[in-house]
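Below are two complexes that have subunit A in common, paired first with subunit B and then with subunit C.
For the complex of A and B:
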């Protein structure tokens, strides 16, 4: 049944926007809770800022990356993670859907389950990482431009890398959520696949032992989105391939994760009533 | 159209549950253990439902009712067997099928919890791409019938259970599905709310020509609504036929408890006495409670009416109070599974 002539993508997008709107309205039913969570996040952002500032002030450089370079690297990963938590928050708390059998209601709709799942909760209360990323970027980019480490084009590429980072977080997050169809409890696994690698990717991968670096560039590829392009953009080696390989790798990872998700869906067990 | 609304052949669903290990480092070994025990929730079930039918699907807890309904909706994938709903395979064509079916789970609302009920309807209209005119027509049709106007602007979380069920039912019919799957739609409702839901379902089936499959704990739901009933137990279909045949086959006794002003004599547990106009009409004394001057008797509703039974009991003394107990669904099924009752039920 296709009652409209518009393309499937446009129809899906329109529905997504509508459902996301509803989720935001739902959230606003509890204004105090919303404001409180924003305040708590603001405090956390401030705390994180102080922490990085202290580290960088103490060392001035990490593995030949100076303060602004580390800042740019950090900001790309933070923006990517922030966008992931904003748009894919339900993947992050997917365990609850499996444990309580709530996934049932995603499966009775005439749309891909991922569309109905992700549109359920666009969590504006989780903007802190995005704010943090923008803040660090606002300090580091002008400094890097001023001293000529980066031209305008490079700066734009750097910003675009945050979308790349989002794609990689989404791929890993989606694959991890898929695991819930088999093993149900995935909170610990998420720490191992998403959150810890996310934190590790905030700093130059040169500081880690080889096996860890390789891990963060392959199967848990959240380091691919910021480290590889930054190496080239900030003139620390590499070639134009550093800008081509990451998007290709991100696309492959996303596709593979989505295939896994579709397979996992068929294993859904639901819960008794 | 002579295509059946539902066609199930040798349908089977097996759950593999990891075996709980015990002993040294059990939790660690559990992670790599491949040992499972299989639970066959639905086992070799075959049936077909024609368009326009109203079918009751009953069975005790854990019998496989919900599993079957979830397979029909495409939520669960059958382990083996063939299943066609509206001519589509629910497992592989879940999304296409969703345009044509409505699903209601009694225990779980599918509305947006924090938003006014009206918003949920509008979101569902968007989801099913229902046109403005069609939406208004739908609202006009069901608003009065289900009393939706009473709570359209109230957030779903503040609706009573009965209101929420009405809203859920209306929502499931918004996109004019040909088939409605209802899993325990009257659970937890009081008598008045139940009656209202039943009346509505009868209308939807008769006037809107919607095929309905209903699971319920409440035998009265089935009795009042369904011409056909299927009974499932331990994953097996143990009965498929008309409601009257079920009652006949199961020949379930109704229990009548009578409290007398003073305890009558000549009544002992196990006493049989003739009753009513039919030759087979018998009352059997089930129990005597001298301390509360009460007597319980059982009789077959096919042979003896409640009035006849009461009249017969009145002969033993002045009655001050009565109560009636209809057979529970568990008893119906236990009766069906007794060896003498089982033969020739299917078909």
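For the complex of A and C:
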């Protein structure tokens, strides 16, 4: 990276931190609303957890993955999704920007529109998924370490995988948001590209038919962030490549999604209001 | 409050298509019009809902494969792996009718927040009947345009079709009651806005209970024994668990009486709450 690019990156990062700080301060002006929002989210996200807990309580394993192994898989995906909703929440509600013509205001700022978009409304109320992920991880990791299914290095790798999972959710979310420049309404599409694959990735991908598994590992690759590394780290097969492929694939997906976003921006039509 | 037509206007009814019909029939016809409007309003979103149906079917597919993976070869209770495919596919088909499509709570709370509730309550029509009938029309749309496409997609994986005509009849009645019961529950969630303004928490609680304890994604037999007993007795079991068991011919249609009991009880409660809400109504703004 040449010095000019480094300085540009640092400036962008400083700006991002400043904008995010302003967003958080504005949210904390209404502390009760913040707490209520956190509680609502906590109730909302409880369901997936209850379903998986009941299934494992009744049947003890899913496709030879026991409760702690499924828990680790679940926690990595939930942490990744939680971080995505925390830092990229505006991608998830991007349809509103296009429908109401609010994207105009981002184009007149002297910095990239994506940076402005992501620094708006950092929603701390979305931390429920992160809290849930940490909670499940706190139960599963010690159990896996105790019985020797995982060593300390593996545990750290597992935690790092949540960042990979975030990157993959962000790539899919960004590509879906880009579609809004052409088709405007993307809420239903997001259910198909982000939420359904997110739910699917909570379970071992072995249980799905080949075409669905391939979809979750290639076009909508949210399964790459948790399933592929977990298979190797938990001793269920694979090789060291299981740890190398996910970050490379995440970088490629992020880059491709960003290129798509830049292309899509040029197709933007304001509402004229 | 039923519509009472003053005597001086009574002559107008002679020209009505149902001329000579009792006032009661005329009143019901009015609610049929509300229901039709609720149905027609949704028609313009058909294309968008079709995309959503594909996403719903994908969710169904995910749950089907989860159950195929965990169901032991000998099955559990009344359920084999194949029955579980049918169970999940049927419930995914009716999900928009019995749960996700219901919007009445949002409409009521929005009316309270905007102050429009004032003009809505002074109309010469029963407010509960107006809201519920309109929502039932919308729910009929949900079943036809959002549910059936999901069922069609999932039929490629497996779908049960009862051979006996009477099973179809009982299922239809169970579904009508299921849709009605959840509309009334959500109506009460909406009515709570008269006191609290903010209904988000209650909405999510009711949705989570309906989805979790209603048996939409898993038969209630899977739950821990105590929770299963509570869930079976709750109105939420009428939303998915009992209709699915009737459709799959795993239960006698007697359970419809249970749904009817909840429909009547909740209607009485909702009407009582509506009367209370009228007394606390404060409309601000000009």
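Simple rule for what comes next: the second predicted complex is superposed on the first by the 260 of 273 C-alpha atoms of A that agree within 3 Å, B and C clash if a C-alpha of one lies under 4 Å from a C-alpha of the other, contacts with A are read in each partner's own complex, and residues count from 1 in each chain.
Please note the rule applied: contacts are C-beta pairs under 8 Å (C-beta built on N, C-alpha and C of every residue); 3 or more make two chains touch, one makes a residue touch a chain.
From a predicted model like this one, the values you see are computed outputs, not experimental measurements.
Student: State whether A:209 touches subunit B only (first), subunit C only (second), both chains, or neither.
Tutor: It touches subunit C, and subunit B stays clear.
Student: One more residue to check, A:54. First (subunit B), second (subunit C), both or neither?
Tutor: Second partner only.
Student: Going by the contact rule set out at the top, does A:156 touch subunit B (first), subunit C (second), both, or neither?
Tutor: Touch partners of A:156: none, neither subunit B nor subunit C.
Student: With the two complexes superposed on chain A, say which partner A:251 touches: subunit B (first), subunit C (second), both, or neither.
Tutor: neither
Student: With both complexes superposed on chain A, which partner does A:112 reach: first (subunit B), second (subunit C), both or neither?
Tutor: The answer is first: A:112 touches subunit B but not subunit C.
Student: One more residue to check, A:270. First (subunit B), second (subunit C), both or neither?
Tutor: first
Student: Name the contact category of A:25: first (subunit B only), second (subunit C only), both, or neither.
Tutor: In the superposition, A:25 touches subunit B alone.
Student: Just checking: does A:139 make contact with subunit B only, subunit C only, both, or neither of them? Give me first, second, both or neither.
Tutor: Neither: A:139 stays clear of subunit B and subunit C.
Student: Do any residues of subunit A touch both subunit B and subunit C, and if so, which are they?
Tutor: The answer is that subunit A has no such residue.
Student: Where on subunit C is subunit A touching in the complex?
Tutor: 48-49, 51-52, 54-55, 58-59, 61-62, 65-66, 68-72, 76, 198, 200-201, 204-205, 208, 211-212, 217-218, 222-224
Student: Under the stated contact criterion, what part of subunit B meets subunit A in this complex?
Tutor: Residue list for subunit B touching subunit A: 15, 62, 66, 70, 73-77, 91, 94-96, 98-101, 103, 105-108, 110, 112-115, 119, 123, 126-129, 131, 155, 183-184.
Student: How about subunit A: which of its residues touch subunit C in the complex?
Tutor: 36, 39-40, 43-44, 46-47, 50-51, 54-55, 57-59, 61-63, 185, 188-189, 191-192, 195-196, 199-200, 203, 206-209, 212
Student: In the complex, go through subunit A and note every residue touching subunit B.
Tutor: For subunit A paired with subunit B, touching residues are 1, 3-4, 11, 14-15, 18-19, 22, 25-27, 29-30, 101-102, 104-105, 107-112, 266-270, 272-273.
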